[in-house]
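Below, each structure is written out as structure tokens.
What follows is subunit A paired twice: with subunit B in the first complex and subunit C in the second.
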Partner chain A sequence: MSTVLDHTTGVPAATPPQDSTRATPARARRSSAISRHTHPMWFLVPAFAILFVFFFLPTVFNFVYAFTDWSGFKSQINPVGWDNFTDLAGSGTLFRSLRITIAYAVLVAVFQNLFGFALAVLLERDTRLNHVVRVLFLIPVLMSALAVGYIFQALLKPEGALNGLLSAITGTDVHTAWLGNTNWTIVVVAAIHAWKWMGLSMLIYLAGFKTIPVDLVEAAQIDGASPWRAFWRIRFPLLAPAVTFNVATALLGSMNGFDIVQATTAGGPARTTEILNIFIYRTFGQGLFAQATTMSLILFLLVALLAFPVIRFLRKREEIL
Partner chain B sequence: MTQPTYPARRPARERRRDVSIWSRLRPPFVTVLAAVLIGVPLWLVVATAGKSQGEALTPNLAWPTDWQLGQNLADVWTQGDIPAAFLGSLLVMVPAVAGVLTLGSMAAWVLARRATRLNAMLYALAISGIVLPPAVVTIVLLLRQLGLAGSSLGMIGVYMGIYLSTVIFFVTGFIRTVPMSLEEAARVDGARPAVVFVRIILPVLRPVLATATILICLYVWNDVFYSFFVVGGRLDTLPLNLFQVASAGLYLDNWHLIFAYIILMSLPLLIVLAVAQRKIISGITSGAVK
Partner chain C sequence: MRMPRRALAALALVALAATGCSDPASETTTGGPATWAEPTAKLDGVTLTIWAAQNSNTVPKQVIEAFQAATGAKVDVVTIPDPYEQSVQTKVATGDKPDLAFWQPTASMLTALNAKANLQTLDDAPWLDKLTPALRDITGLHDGTRYAALITSPAVEGVYYNKEVFAANGITATPKNFDEMLAAARQLKAKGVTPFFEMGKDRWATQWWVQVQLADAAKAGLWDKINKKQETFTGPVVLDAIKKYKSLIDEGLFNADIKTATFDDQGAALLSGKAAMAVQVNSFFGQLQAKADTATLDSKIGFFPISPTGNVGTFIPDQSNALVAFKTGDAKREAAARQLLAYWMGPGYAGFIADRKTISLQTAVQSPAGVPKALLDVHASLSTSVGSMQALAVANPDLYINLADMIAGTMTPEQVAATTQEQFAQLAKAAGVPGF
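For the complex of A and B:
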């Protein structure tokens, strides 16, 4: 792989051609001595400096200030031990927020993938109409999530456009409070989140379909498989990488969601859609910084816990690449 | 694209008729679906933005009795401080994106080419930010201590901290597919690492940097959560101003203005989509499925 390298960096020309993937310890040492000159570590410094100051340090702060009484009402910050956690757990807020966040994330992952997959199947053939419609479904992906939230708030009001349409179709007066139901509104909001991102899932599924060799399906058909069977037995399993990617990003992305929930329900009704970031936003606005920090830490731990399998998957994909 | 080329061996006439009916029904079905799922919400925006305040009080799909879209756009242009917000958004987005692309590719180059145990650890650390949520509350405290609270510089730093991991992940993966010999040819001529990076590596990275640019521009341009914590009330950005316009009691139920604002705010992105749809589609998907 790296045959010319040796002559250029002052290392004895006798160095044999190197294969970095199968390097013996001696070779590895030599190749690292070379790369010290060709790929100096100072190239890492600016990026890691930014990452350290603006990403890692605040995260470390999370672990510190969650155990203090930091607030907007006094200038001193004192350690209080686990008080913030016991308060949040005692009032039931902690577990309710966790439950709502996880439910929201799972619902988004399910809806977004169902919608995206259905669209991909529907729009798979490369006709002109399908090209246009694919681009149309990308519009919500590009739009601000906040704007999407406001659109659906207007659409789903009790006297709003959707009920108007339903009334016209059914011939009766429909007055469903889509965003005012303590049981079902979280499902509606998750569906809105999925509506915004389904175009992205669709694109990824379409790209996944493109990677499946045509002759595989042809072989199945020649063996007498029905189109239905060929689809679910041959093409669907080969879509696995796209499924994994879509589910993982939808799941972890919506745990960190905020805009759509804030713009549709702002956490209501009766705080039944108050996902962690809404809670953080609300308590931060009230000056209860330590409580907001505690929840921020809990969100971090939740995602970190669930992200392990995801990162492993991303690394594996990287190796294939 | 492939469906009609191979006849099923069992001549299932019934099934084939089903298939042909479905393939004839599919275009109208797709059209109706797109009209309902995308057309209705977008028409609600345009129709409401074209109405008077009284008529827009309960937003519906009815045709405006008196189109005043231009008037509403002009109103929101001044009341929503659109020019300032547009500049603010650009002021934050351009340096943040340029910064993550430059610093991220520099780091990715060394991480991809020097396979030491330390680098493997650094790489894992660097890409952890793809999934881990940033600490939004303590970032405010840190920026205050650094004297960057509420400044565009602080906002740029925060965005860079959040999205560097995405760039490093994409670019490192890409560089590993680039043959080493490309760099070596330059090195034979005695080029220093910085020169090799700028002359050889950066040009090769163009496709992957285009993907990263699209994604990160999208995130930063539409972000309201992080910017609320970092620069809320101090710097105008388009989403922040929309948030204020929509949450302020003064504007409650001013749906015609909210939707006029949404039109103005989304217009740049829609124009970019119309012009560069092919690039955007291939950019978004190339990162995901390989």
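For the complex of A and C:
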């Protein structure tokens, strides 16, 4: 299959093959003319106003305050140039938090996609039972992240329900502090984060499976491919756009994680789960507003810098389509 | 399939923008010297808000009811979630202010609220002359201006011990200095008793161990030197105290579950005699009061202050000891807030301390009967005690978090000192302290 390249950017166009074979350019033009007629551009204004006030403006201020000495200790805000950046660069705490943040994001991306993919495969057939189970797995996505965090925190306490259950099964007293290990707690918290969001990944993988034409799989079967081989060689590669979306959102979304970590460990034990947003929260709470702003600007730039290569790499994977 | 790309872009944008920050608070200034109304003057239709933490929200209950009955004002106590100080600072920074709030009355924490811009001055408050002279100016001042009203006896860092455990193991007198305390601890350990109990999981008490070791140095002006950058946390004085703490833990003088133990565990262990001693502050005793009655506590729990060379306590007024009044820009409510303080520390004071079973700070008001013996000992140690880091340093770094990390094994004493100094300098610089 050929790849359609976008001439302006040189990046492969996002249009998957099934669309490009159906829509002719003329028809596409006509349909866009109709949509412009029924959906005039000014319909965007209310949404854009909200976006502007709550997202663009704070982001701009984020850039401004990072270069000031804004704090809770005094009333004036003076520009200080790159001071905040040089101070932070000299501090080990920032890099430690950055390392933890990236490790956390990678773990979440891996877990969330493994869980979501497994669920999508298990629940792919449109039976009534599967419909019900899909909804059940989607419920955590709609739940408050803090509530999820507090529930897991209670379940995983040394005297919590999980240890109670394990004690009852094994017949011995289990007192594991699931959130108390300086090496493994980050994995546990990432798994909780992934558990909360796996329903969304499942939904997107399910949608991805639905877009794969049945005749392709049938053709493979007629050619003598085993179901295993047909799955991994035909259907899985065709799922590439869903993988792109899921991996990128899980990875970049969890870089901005805060709620679940705050509710389960608040950065502990011994700050081994102190992701950058928790560090920022702590710094802000001390009244060091400019430093906290600088850190969030660094996080912003880091996510932006990471987003391009990750999305580019995942898009490249789609070129085989 | 164009959607995912656009959705992705939008989602990335939303995620990125979520790191943005809000506008700083605008400021209100009220000029002129404050006037103090009669404590029981009518205040019908006035509603005051008091912010309190989870451990102080019941403190004003009785006094508020009496004030409401006397004046007709309405007073709401709003509990701000923990971490209290952090939440309050953030709210105040965005312009959200109560009329009054419980607040640690130390200079560093008054700085943290930008006292000059946000708080009412209480310099000519009517109750000041009634206070015990030794306690009048012990705290609540910042740059020579009074911003906080001390309502209860400030906390002191010292050693709470189980009298029965001491007696059963042949320790007849309380230790006279730090080394004697360690000798007693080793004697207890030899007999199979856990000498000290520390709460590594809840972290905040870890700093008391370092601070009591610094009591003599504090008397000699350690914090002044640190404030002027003539001395640092990485210097031998502070670093040796941190190392000593570590070596005592390594020696096995602490509870085996030090890394995971909580504040609650600590109270239970001392009360049951599982451990003999805990270096703590008044709120620890508050916890014991919730677990046992005064008679039991009097027979079981004692207190002695400790320092390297003697029995010098380290005082650390905390958030439940004092209140600050905010400049809200509404003159009527500001006056009413002052009036509530004047009532609290005036006609309402006897009722307040009787309800709280706490020690009187005023010479003319008798402490109620039934104040536990240990608390009287704590209060008695105040007159000879020295200020803690919180009381005397210009900034309050997270020493306790670093120490807890050291207990958990992820930091060395040198790293604890360096990280604390780094943060101290950062806070001092933000506060505009000369030299930082």
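Please note the rule applied: the second predicted complex is superposed on the first by the 252 of 321 C-alpha atoms of A that agree within 3 Å, B and C clash if a C-alpha of one lies under 4 Å from a C-alpha of the other, contacts with A are read in each partner's own complex, and residues count from 1 in each chain.
To be clear about the criterion, contacts are C-beta pairs under 8 Å (C-beta built on N, C-alpha and C of every residue); 3 or more make two chains touch, one makes a residue touch a chain.
From a predicted model like this one, the values you see are computed outputs, not experimental measurements.
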{"item": "Subunit A residues touched - subunit C or subunit B, whichever exceeds", "value": "B"}
{"item": "First, second, both or neither for A:87, with subunit B first and subunit C second", "value": "second"}
{"item": "Touching partner for A:288 - first (subunit B), second (subunit C), both, neither", "value": "second"}
{"item": "First (subunit B), second (subunit C), both or neither touched by A:271", "value": "second"}
{"item": "Partner chain in contact with A:74 - subunit B first, subunit C second, else both or neither", "value": "second"}
{"item": "Shared contact residues on subunit A - subunit B and subunit C", "value": "54-59, 61-62, 65, 70, 211, 241-242, 245, 252, 255-256, 277, 280-281, 284, 289, 292-293, 296-297, 299-300, 303-304, 307, 311"}
{"item": "Residues on subunit C engaged by subunit A in the complex (per definition of touch)", "value": "1-2, 4-5, 7-8, 11-24, 27, 83, 85-87, 89-90, 92-93, 111-114, 116-117, 201, 259-260, 398, 401, 404-405, 408-411, 419, 422, 426-427, 430-432"}
{"item": "Subunit B - residues contacting subunit A, complex", "value": "1-3, 6, 8-10, 12, 15, 19, 26-27, 29-31, 33-34, 37-38, 40-42, 44-45, 48, 58-61, 99, 103-104, 106-107, 109-111, 113-116, 122, 124-139, 141-142, 146, 157-158, 160-162, 164-165, 168-169, 172-173, 176-177, 179-181, 183-185, 187-188, 190, 193, 196-197, 218, 221-222, 224-225, 228-229, 238-239, 242-243, 246, 255, 258-259, 262, 265-266, 269-270, 272-273, 277, 280-281, 284-286, 288-290"}
{"item": "Subunit C-facing residues of subunit A, complex", "value": "14-16, 19, 54-59, 61-62, 65, 69-75, 77, 87, 91-93, 158, 177, 180, 182, 211, 241-242, 244-245, 248-249, 252-253, 255-256, 268-272, 277, 280-282, 284-293, 296-297, 299-300, 303-304, 307, 311"}
{"item": "Partner subunit B, residues of subunit A touching it in the complex", "value": "1-5, 7-9, 20, 32, 35, 37-41, 43-44, 46-48, 50-51, 53-59, 61-62, 65, 70, 122-127, 129-130, 133-147, 150-152, 154-155, 157, 159-161, 164-165, 195, 200, 203-204, 206-208, 211, 214, 217-218, 221-222, 224, 226-227, 241-242, 245, 252, 255-256, 258-259, 263, 277, 280-281, 284, 289, 292-293, 296-297, 299-300, 303-304, 307, 310-311, 314-315, 317-318, 320-321"}
